[in-house]
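Once you've had a glance at the structure underneath, I'll fire off some questions.
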Amino acid sequence: MREDLHRAVRVPTCSLRVFRTAKFNIPTEGHCDIQDLTPTLRKHLEDSGLHEGQALVFIPGSTAGITTVEFEPGLVRDLHEFFEKIIPEQRDYHHHATWGDDNGASHLRAALLKPSLTIPFADGQLLLGTWQQVVLVDFDTHKRRRTVVLQLIGE
Amino acid sequence: MREDLHRAVRVPTCSLRVFRTAKFNIPTEGHCDIQDLTPTLRKHLEDSGLHEGQALVFIPGSTAGITTVEFEPGLVRDLHEFFEKIIPEQRDYHHHATWGDDNGASHLRAALLKPSLTIPFADGQLLLGTWQQVVLVDFDTHKRRRTVVLQLIGE
Amino acid sequence: MREDLHRAVRVPTCSLRVFRTAKFNIPTEGHCDIQDLTPTLRKHLEDSGLHEGQALVFIPGSTAGITTVEFEPGLVRDLHEFFEKIIPEQRDYHHHATWGDDNGASHLRAALLKPSLTIPFADGQLLLGTWQQVVLVDFDTHKRRRTVVLQLIGE
């Protein structure tokens, strides 16, 4: 009888789980300020004890985005110049007429870059390239204290 | 014996599950028509009874995308003008020569914006900013009846 | 008693699981070379036996991206021309001064397109449109042997 019980209980094994949603604060300068989130993600993953699964990084708000980049000062300047070229900050956007805001460019850039990124991990390690960092890009036109959401799913 | 049974059964607790995949239809006007999906997502999440996890929004098809934006008429016009500037509708794309289509711009815009977005939720609420809506952007050159896929994972 | 046991065991049913993380190699030509990953994804999904869930496709490295497109030669040329227009390869980027590299454009394009894409599946089928393929876009300035990560979650 005990044999049967143990066999029955093992059948629905399922170690997959949502690890508790984490939020962490990042001060930014706005104007395409780029902040490296990778060390914080690595720490959270290590603390979770999970070994295989996915890390979702999400920025609530419509004037910032999440992507990956080789985080070095040259590329940070290149990204600033790229976004300024295709969506200049000092233009008169229709959005400004709606609310008297000055950050139409911030909204357009954020809609293009998008607020969400999912990174797989295995053996307890994010499967990023050696020169690939997960970054928050804040397009708003002033300093902000951003709250980034991190959610781990895995086993 | 009943004590042992109950203890054994509790060990593999796992409340994580895929909630049934939902599809819902959205009529659009094409030409960068932007539709707010947020109320539908909120309703689906509420109906699911899930409290913590992720909502995947996906648009099948290669001429539309999913992103977030502050959904107000000024920004809708700004987005139209932005996509028209970087990828004009009335140009002669190589794609037109392949099939006799007229929607090369629609395909390029969609490949850039991408068809997928994952939003975390906790306490039964999508973790969006106050002025951040999840939108479908239909870049096709005519009216469409789109089918958006929503998949909830969580507990 | 056996009745009770079976009822108890069924309560925590949970068929959701992380399927083993897969990596597969893709040789590319660089310079915005576009490779169709869809047949490989379909094969992996079929082999997994999963019927409902999500496929995460991720490219480690900061000079390539993942998106969907109707994979036909005309659009491949259109995408080349689009990326060359907004982020030309032969420009002097600040990144070049940092490491003596020549691939600043590759990094900018990759940060814009992003390395991650999640596709839902149901009834064992990816919920893609008929003319929608999942593609790797390699922006680097030379031939590469890329390793793409595929992670299936589902039941």
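Note that the chains are named A, B and C in the order they appear, and that numbering of residues resets to 1 at the start of each chain.
Everything below uses one rule, namely that contacts are C-beta pairs under 8 Å (C-beta built on N, C-alpha and C of every residue); 3 or more make two chains touch, one makes a residue touch a chain.
Just so it is clear, the model here is predicted, and its values are computed rather than measured.
K.L.:
Copies chain A, chain B: same or different interface, half of numbers shared as the threshold?
P.N.:
Mostly different residues: under half of the interface numbers shared.
K.L.:
Cα superposition of chain A onto chain C: how big is the rotation, rounded to the nearest 5°?
P.N.:
The superposition gives an angle of 120 degrees.
K.L.:
Distance between chain A and chain B based on Cα centroids, please, to the nearest Å.
P.N.:
That pair's centroid distance is 17 Å.
K.L.:
Among the residues of chain B, pick out those that touch two or more other chains and give their numbers.
P.N.:
Within chain B, residues 5, 9, 12, 14-16, 86, 112, 114, 118, 153 contact more than one other chain.
K.L.:
Across the complex, what residues on chain B touch chain A?
P.N.:
So the residues of chain B touching chain A come out as 4-5, 8-9, 11-12, 14-16, 52-54, 67-70, 72-75, 77-79, 81-82, 86, 112-114, 117-120, 122, 127-129, 131-133, 153-155.
K.L.:
Given the complex with chain C, which residues does chain B contribute to the contact?
P.N.:
Contact set of chain B toward chain C: 5-6, 9-10, 12-18, 20-21, 56, 58, 60-62, 86-87, 93-99, 104, 107-108, 110-112, 114-116, 118, 149, 151, 153.
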